[in-house]
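What follows is a pair of complexes built around subunit A, which joins subunit B in one and subunit C in the other.
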Partner chain A sequence: MTPSAVVTGIGVTAPNGLGTKDYWAATLDGTSGIGRLTRFDPSGYPAQLAGEVPGFVAKEHLPSRLLPQTDHMTRLALVTADWALADAGVKPDQLDGYDMSVVTASSAGGFEFGERELQALWSKGSKYVSAYQSFAWFYAVNTGQISIRNGMQGPSAALVSDHAGGLDAIGQARRQIRKGTPLAVTGGVDGSLSSYGWISHLSSGQISTATDPDRAYLPFDASASGYVPGEGGALFVLEDEAAARQRGAEIYGRIAGYASTFDPRPGTGRPPALKRAITLALDDAGVTPGDVDVVFADAVAVPELDRQEADAINEVFGPRGVPVTAPKTMTGRLYAGAAPLDVAAALLAIRDSVLPPTVHSDPYPDYQLDLVTGTRGGPVRTALVVARGHGGFNSAVVVRSAR
Partner chain B sequence: MPEKFTIEDLKSILRECAGEDEGVDLDSHILDTEFEELGYESLAIFETTSRIEREYGISLGDDALNEASTPRALLDIVNARLLSVA
Partner chain C sequence: MSRREVAITGIGVISPGGIGVPDFWRLLTEGRTATRLVTHFDPAPFRSRIAAEADFDPAAFGLGPQEIRRMDRAAQFGVVTAREAVTGSGLDMSTVDPGRVAVSVGSAIGASVGLEEEYRAASDDGRLDLLDENYAAKHLYNYFVPSSIVAEVAWAVGAEGHAAMISDGCTSGVDAVGYGCDLIREGSADIVIAGGTDAPITPITLACFDAIKATTPRNDDPEHASRPFDASRNGFVLGEGAAMFVLEEVEHARGRGAHIHAIVSGFAGRCNAYHMTGLKADGREMAEAIRVAMAEARVNPEDIDYINAHGSGTKQNDRHETAAFKRSLGDQAYRIPVSSIKSMIGHSLGAIGAIEVAASVLALEHDVLPPTANLHTPDPECDLDYIPVTAREQDTDTVLTVASGFGGFQSAMVLTAPGKDHA
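Right, the complex of A and B next:
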């Protein structure tokens, strides 16, 4: 029998809450963390709103040795991993290093660090560039730093597929569990809210230029006009179910299904491959659409992409056939951290029998979605998380109660 | 031009550009302790020597990195270079 992969620990750093408890309380309460950028002066830019993680002081959580060599998002990731491990009751120094993998996703690496060092290079010269630039801005840096900090030497990886990456990382971690690695730290914590990173976000043409935080990010609304970028995400301790049960671990749920697909080349007339990612993930989990209690949507808030997502969901579940939600309306879209944060919300929804809301959006009737616009009670056993990445990536994960 | 590069100067640069390992007390007798034992890998030493080069306007070359395995050895190299520049 194929080993089953279960989540035994959750760590969260999100714009509407530092730590799982704060994030979940804010989310159920409908409290948004979106506001005007403070990490740099956004005055000269067309878009000025973002989701920044509040109250994070790196030196309160990390040794001074790590500070000169890490980007802000890596510091968030290291602390998020610490919290996930503590939540799981796992002490890495008591385990064999080769029994632990790290698989994270990233969309831009340590962009803020890289920006600072490139400024030093071009304004002062190569002698002024930090030696740590050699790895601090890499896509793989979070995987590497989490691995070093916790002595995790099992098969590890970094996945780069924009917003879909967080699910691809979880899928890859599950693969390692099935191949026999007992434990993996996986998910994604991302962020590039620096001026250079901001320009890169703007180049997508999908960023909301609204100035009212309550009107800026409105997926599935007739007024949708792009999204708000954010930082943060979630990391998990994923374990082989038999091993987790043997040590008496508390289990949040099972990563029951995963699939990823790639869109056809533009101009071929063939449909987007999102629906196929959803059906493949459901098949992989051995569930039918009727088993799914809630869908966590990708929710780009770009009309054409919202339409494609609504169509894919309706083709699988039927019009208004399943509750759909986007708690990321309270955080902005976190790139590689976005879908892992949705997986965290899905696991907590299962634990607490509650559906977190989509805030501010007034559902456009044409999409025929049952959008969860207020916190809704009800048993949750099975949740689907959907994510798409710029350039054609589609991924889906099915999370199920392990009870 | 500073006359002499002291252990205090080195400690302050180490703290600033590489941090301080939790299990190590830089204020104890460290002159002859290997950098590796103090928790500094080659990249930390690379970062430290380039900071010294910038602040003191000297060039240490790759030899400094290869030969200076302890604070005392690095101090000697830096001070010899400061003398030859002076």
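Right, the complex of A and C next:
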């Protein structure tokens, strides 16, 4: 029988809360972390709002030797991993290194670090480029640093597929557990809130230029006009269920299903592949649409993409057939960290029997979605998390209660 | 139920000195080197001014002006090699369900050519602290998020299954092939277009390797600068390129009468959890990856006919790797011929692992082992048979290829001639 993979630890660094407890309290309370950018002066840019992680002082959490060699998002990731391991009650130094994998997602690597070194190179010369540039920027950096910090030597990887990558990482971690590695740290913590990162975001043409934080990111609303970028994300301790139960670990839930598809080349006239990703993930989990208690939407807040997502959800679940929510309206979209944060929210929703809200959006009736606009009670046993990436990436994960 | 096996039914390669599989293989078997002084830009400011460059003209491969503008060089490599692989496989994509075709592309640094060019434009060569978006390309986002490379490959071949970019530093290329094999074995896909691509010959990448003295400063002798296992080596030579494969479930391949180049019979990766760039001399984690890959392939050290080494030409790598072979293969390590094609085509980061899979497959098919060029005086601590200078004819049924990367990644893959697998 295929081993089941369960989440036993959660770590969160989010724009509306540093740590799982603060994030979840803020999320259920409808408190948003979106505000004017402070990392650099955004006044010259058409968009000026972002979700920055508040109150994070790296040196309070990490040894000083790690600071010069790490980008901001890697520091967040290292601390998030520490918290996930502590939450799971796992002490990595007491385990065999080969029994622990690290699989994380990235979108653009340690981009702020890379930008600084590009500036050093082009404004001063090659001798001014940091000795750490060779590994502080590349996409594998968080996986490598988490592996080193925790002595994790099992099969590990970094996956990149824009906002969808976080689910692909969780899918790959589950694959390694099924193949025999008892434990994996997985998910994504991301961020590229630097000047070059910002103009890169802007070039997607999908960034909201609104100035009122409460009106900036309105997925599934008639006035949706783009999203707000953010930083942070979530990492998990994923374990083989039998091993987790044997050590008496508390289990948040099971990664019961995963699937990923790619859209047809534009212009072929073939339908987008999001619905197929959802259906395959439900099949993989062995559940029917009727079993699903809530969908955590990708929620880009670009009308055409909202329409596509609403259509896919409705084709699977029927019009207003399932509660749909986007707590990322309180954090902005976190790139590789976005979907893992939704998986964290889904697991906490299962634990607390509550559906977190989508804030500020007034659901556009044409989409025929049952959008959760205020915190809602009710048993949650099964949640679907959906994520898409630029170019046509679609991924879906089914999270189920393990009780 | 027997497990689903993975066949390689198509190969595409862009390598320095060898665009397309026939030229690539000719270069390797003739033992020629493609390393030279950098021509992509003026390398004068750099400590190491050598690279193995691919003389690649995207227009000659049918890419239109818009595609060339939209795609980073690494994406162009990926698309052209994917097309070569599909064409060579004889696969008619209109006859397969596109949802059962996946894409798995390895790249260590993605669209770094485009990212550096756009940085220069938008920052006025670093003069501006706050970049001006009006001077950046419209498609900057494609460079920003390198999964755009995967999207281009998927569009080029018409794939609509899972599409992934594996970015494990310098093991990315072989890891992406391993990832593709997992998709076939578990049943998520019947066909995977898998491989690696990187185009790292840029000022920022030269500078970052200069900063840690990882690349060789042998600037007065560029043709002989990549010298793995030689006592006089002093760093690696940067390369560029791509290799893509059509991976196919064996019965699917047999059902359409496809030519099977090789079976991917085992793959494993481990991490050293030691240092982002450093390697321990004992080779323990690479040895573990080799052991696990051999176990998956159901082969013993006695069965291995050839090892395609990582062989980057840094002292720490060559010794680490030699130790890993001895640790995992015992006395057999002294019998098995080993070579590093990086001696000829340099180190193309996330691409080279896939290019080395291509070399391994061609060695199986042609019963010829590519040499380690420039190896005249072996490092006394590297005391295995590294096939110096000249290619060797030898019956070859089972090949081991390994990779080692920043971040601590260590990977190993076993490839077997069709009909010779040990299952």
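Methods note: the second predicted complex is superposed on the first by the 403 of 403 C-alpha atoms of A that agree within 3 Å, B and C clash if a C-alpha of one lies under 4 Å from a C-alpha of the other, contacts with A are read in each partner's own complex, and residues count from 1 in each chain.
We take it that a residue touches a chain if its C-beta (ideal position, glycine included) is under 8 Å from a C-beta of that chain, and two chains touch if they have at least 3 such contacts.
It should be emphasised that the depicted structure is a prediction, and the values quoted were computed from it without experimental measurement.
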{"item": "First (subunit B), second (subunit C), both or neither touched by A:148", "value": "second"}
{"item": "Partner chain in contact with A:318 - subunit B first, subunit C second, else both or neither", "value": "neither"}
{"item": "First (subunit B), second (subunit C), both or neither touched by A:264", "value": "second"}
{"item": "First (subunit B), second (subunit C), both or neither touched by A:290", "value": "neither"}
{"item": "Partner chain in contact with A:121 - subunit B first, subunit C second, else both or neither", "value": "second"}
{"item": "Partner chain in contact with A:156 - subunit B first, subunit C second, else both or neither", "value": "second"}
{"item": "A:131 touches, of subunit B and subunit C: first, second, both or neither?", "value": "both"}
{"item": "Subunit C versus subunit B, contacts on subunit A by residue", "value": "C"}
{"item": "Shared subunit A contacts, counted only where both subunit B and subunit C touch the same residue", "value": "69, 127, 130-131, 134"}
{"item": "Subunit A contact footprint on subunit C (complex, rising order)", "value": "45-47, 98-99, 103, 108-110, 115-116, 119-120, 122-123, 125-127, 129-133, 136-148, 150-151, 154-155, 158-169, 172, 175, 179, 182, 186, 188, 203-204, 206-212, 214, 268-277, 285, 288, 405-409"}
{"item": "Contact set on subunit A toward subunit B in their complex", "value": "63-69, 127-128, 130-132, 134"}
{"item": "Subunit B residues within the subunit A interface of the complex", "value": "15-22, 39, 43-44, 46-47, 50, 53-54"}
{"item": "Subunit A - residues contacting subunit C, complex", "value": "40-41, 44-45, 69, 97-98, 102, 106-108, 111, 114-115, 117-127, 129-131, 133-135, 137-141, 143-145, 147-148, 150-162, 165, 168, 172, 175, 192, 195-204, 259-265, 270, 273, 276, 389-393"}
